[in-house]
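Listed below are the structures to be examined.
First chain A sits with chain B, and in the next complex the same chain sits with chain C.
Let's turn to the complex of A and B:
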């Protein structure tokens, strides 16, 4: 006889050390249903932004989340520039792509590393983290910090690549590409990874569309949606790349999409270095922002990030709201988990690469 | 396949830096401890305006301005450096910021920006720095240097006298 009971998971330490509380209905070892309780790290940042000027907010928004820290200020600046009618210089467009894609490589590698850690394959975890460390060094060398790049300002960017830094970045990309290629092959063929990730947490394409999922979670189920392609911003319309999709919709598929996207990101970085024009990096130092409203969106490492900004002619936002990719992707968990075993819970939670500090800001 | 990786790692040794027993690499762009140069500051207070953490404070006294930056509030975003036209503030590569709890109030960067008397009327004022004067007048001359030491009122009088 199987008994039905509720299993509390969290609020701490399910996959990543971030708080989210799950109440899971279990029949024996099998998951029957899921209830999510959020709100443990709510910090009221939307309100805080209304009490700070635009420039202070660039710094504040960079600290909404650590892994997609560059996507927040970039998208916020895009909204501001839309209202102020600023066209950022062509070189700045490429530099914004460089900042974003550098973060994407690190973020995606981090997630697949954690997958190996959950499996218990810590050798692979360390190996992927060691590869990621090269990108961390790139961030520190070019931007001055391992996580918060401080790359953006209203009207452009705050960093530039001279010949020396360009060749440094190029050399590091050349170092990382073969290593990521090897990681890709490992995740494709390794018995341990396959036995734990394949066929686990399956989500169909129709369900992904129904729930309006975004990012690698949607693309892992075959939904070909990428803001960089659908609504190109910065320099993405001048770069050559394909949207990566998976077909199985399981944990393995999503991990592979992330690895392939890291490879695409590295290729984009290389293209940027070749195609980047010379010129100014910032349009104006302290522009006036008139009253108005704007929506800006970008493809963060976890998916589509949308910013809504309303201004009233002062130097502070009248309202600022953002919808983060993880917010949409949480709703996939009940469908993914149903029918899987208790031991798969961390694998499935990690596979949506949830960002809790983003969701709850 | 991973056995190969393991073997390679065993041969290569640790991938991490040996700090504190060895040197830790610090790139030139690293954003660390903030340094303030009072001789270049014109007290426009833009750094204070853009500081998200509220780490920068100017205290106005009869004979000058006291600049204070709390490193324990600072988030090292570098906005102050980016917006400082006078180039009076910049982030150094010094990341040695750990300290005892008892020393927390000493983790500050301070500077004294004194007022100077106007060469004509003697009223206390803050002279513009030479780089700023070059920026404003697009050049450098003895006349411009002389204007620098006059208060706005005396500067006006002088300019009006020269034109008439």
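Let's turn to the complex of A and C:
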């Protein structure tokens, strides 16, 4: 079996959560080349945003993607606040961090769980999802929703934590931290995970820099780039945390970065509860939004998310454009895939945690 | 004539055909429930495999364009038939003796290979690239486990054969009679390497984790079964259910056939099947992920091979 043949993976494939089409050149069981076809879930959201006013757009942007559903409206609000010259109250900055980091824990655990499912280790999958479920409950209790938090508004946030909710959140964090610690240990030691994930889909640090990768994918290859540290927004400059990096640049290393980031996120949540000042949660009275343009960026669970907003003095964006982390990260797939086995395809695709609905909107 | 009738009954109803099918499906339902409980899920009803079959039976079958329709639809029947015959050849202590008319343990050995061959042919007949990958995976796994299992069978046959004054005993009935007289091989340390080799063979043959590589859902979309639907898919499900019964039954016959006669013997057999299936299949599937094909091939060639050789050498040397 030395002849090359084409293997279609997608557009709908059980191992891919979203539609994406890979045409993979295969020699026997080894991957020789890769061709990505995208655009199956294009919904024209960039155009839609130009037909809605700013407040309506927050709701729309929340629905770009379910897993980064909080990062989109937050970043959009940040860009808008820059143009309108709104200073958000200190308490709102902390609350934005809380919303963001809660989503990050869930999102990272979800990806790590899928990894276990792909290697056929469903017990571990169930175990991680069970832990993630606690975070889902947290979201439902505090925000009223399990996925779309509807946490943001222009000039601040739409939710507040009273004493009761604060102590609830604190208690849940204390419950989840040891569980995530256990998961961390499992991924470090389990034989199935080690034999399937280590040395698979390797990406060197220089390649990661060359392709301008972001998020856990870049950090898994040892690139220490995190928007929360490099260009702090919200309350991140007042919080104490380290950027997690891996060294191997393989699937395993990226998974470990995600688990450790979930641990960091839980720690950030705890710090927020301690350091959060009292005060209003939203700037009062929206000013007129003048004509102008702004760029805002934040660290979504998958990496750097950049929003560009241009206004023309009306209540609608003249242009809204965003670059999502998956757009950068999937360019690394051909490099990661080459020379690996067919059985590794889903692992490698999952390891960049692609968010197709964000990328193709 | 009554001999022939009896043989037909044995193949179609008991212990082949119907009985093997029901046993296999019950084992599967039970195993799924245990697995669910181990993963802290509720799990499906115990009779879910029966419901699944009933559902598939009422559906239409789609034959993919470009597939040879005759081969495509004949293969599942061949698989089920081979397993019905194989099931009739598995003796149940005190209840059923392997009929001489069907052949000895070597015939059974070949029959056990038929499901894998059927799956490979079905995969390549359906013309899907995923099935083609599954074909090569199934083939390499089979190449890896067939050798060692032959060594195991040879070991046992020689041990029993020598005690009978000959060289080799190829009848499962003789093997069982020997164990009933001298004690089960399960408790004999000399036979433990062979037992271990068989325990590795058994998940590989049944396509259970960590060897569920040819049918891996998240890698090759159920592999050979990708293009199958409706009653034909149901036949494949029947085949794999019966195969589970046959392979577990073979293991019981080879290593722990001891049981009283009559209805109690049948109950013992069924009970042993359930224990093996819940301990072997369910626990294995919950505690492990899938190997990659190259890893599995290396593992299957090296470990059961060594174990099989060791047991053969030990038996040749001692008896």
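We adopt the following convention: the second predicted complex is superposed on the first by the 355 of 361 C-alpha atoms of A that agree within 3 Å, B and C clash if a C-alpha of one lies under 4 Å from a C-alpha of the other, contacts with A are read in each partner's own complex, and residues count from 1 in each chain.
The rule is short, and it goes like this: a residue touches a chain if its C-beta (ideal position, glycine included) is under 8 Å from a C-beta of that chain, and two chains touch if they have at least 3 such contacts.
Note that this is a predicted model, so its numbers are computed, not measured.
Asker: Between chain B (first) and chain C (second), which, if any, makes contact with A:123: first, second, both or neither?
Answerer: In the superposition, A:123 touches chain B and chain C alike.
Asker: Does chain B (first) or chain C (second) touch A:346, or do both, or does neither?
Answerer: Only chain C; A:346 stays clear of chain B.
Asker: For A:145, decide between first (touching chain B), second (touching chain C), both and neither.
Answerer: In the superposed model, A:145 contacts chain B only, not chain C.
Asker: Applying the touch criterion given at the start, work out whether A:28 contacts chain B, chain C, both or neither, answering first, second, both or neither.
Answerer: second
Asker: Mind working out whether A:5 is in touch with chain B, chain C, both or neither, as first, second, both or neither?
Answerer: After superposition on chain A, A:5 lies in contact with chain C alone.
Asker: Jot down the residues of chain A that show up as touching in both complexes, chain B in one and chain C in the other.
Answerer: Overlap of chain B and chain C footprints on chain A: residues 123-124, 127, 130.
Asker: Where on chain A is chain C touching in the complex?
Answerer: 1, 5-8, 13-15, 26, 28-29, 116-124, 126-127, 130, 192-193, 195-196, 341-346
Asker: Write out the stretch or stretches of chain A touching chain B in their complex.
Answerer: 52-53, 55-60, 62-63, 123-124, 127, 130, 133, 140-145, 148, 150, 153, 158-159, 182, 185-186, 189-190, 285-286
Asker: Could you please specify the touching residues of chain B with respect to chain A in the complex?
Answerer: Contact set of chain B toward chain A: 1-2, 5-6, 9, 15, 27, 29-31, 46, 49-53, 75-79, 82-83, 85, 91.
Asker: Spell out the part of chain C that touches chain A in their complex, as residue ranges.
Answerer: 38-41, 129-130, 132-133, 136-137, 209-210, 212-213, 216-221, 285-295
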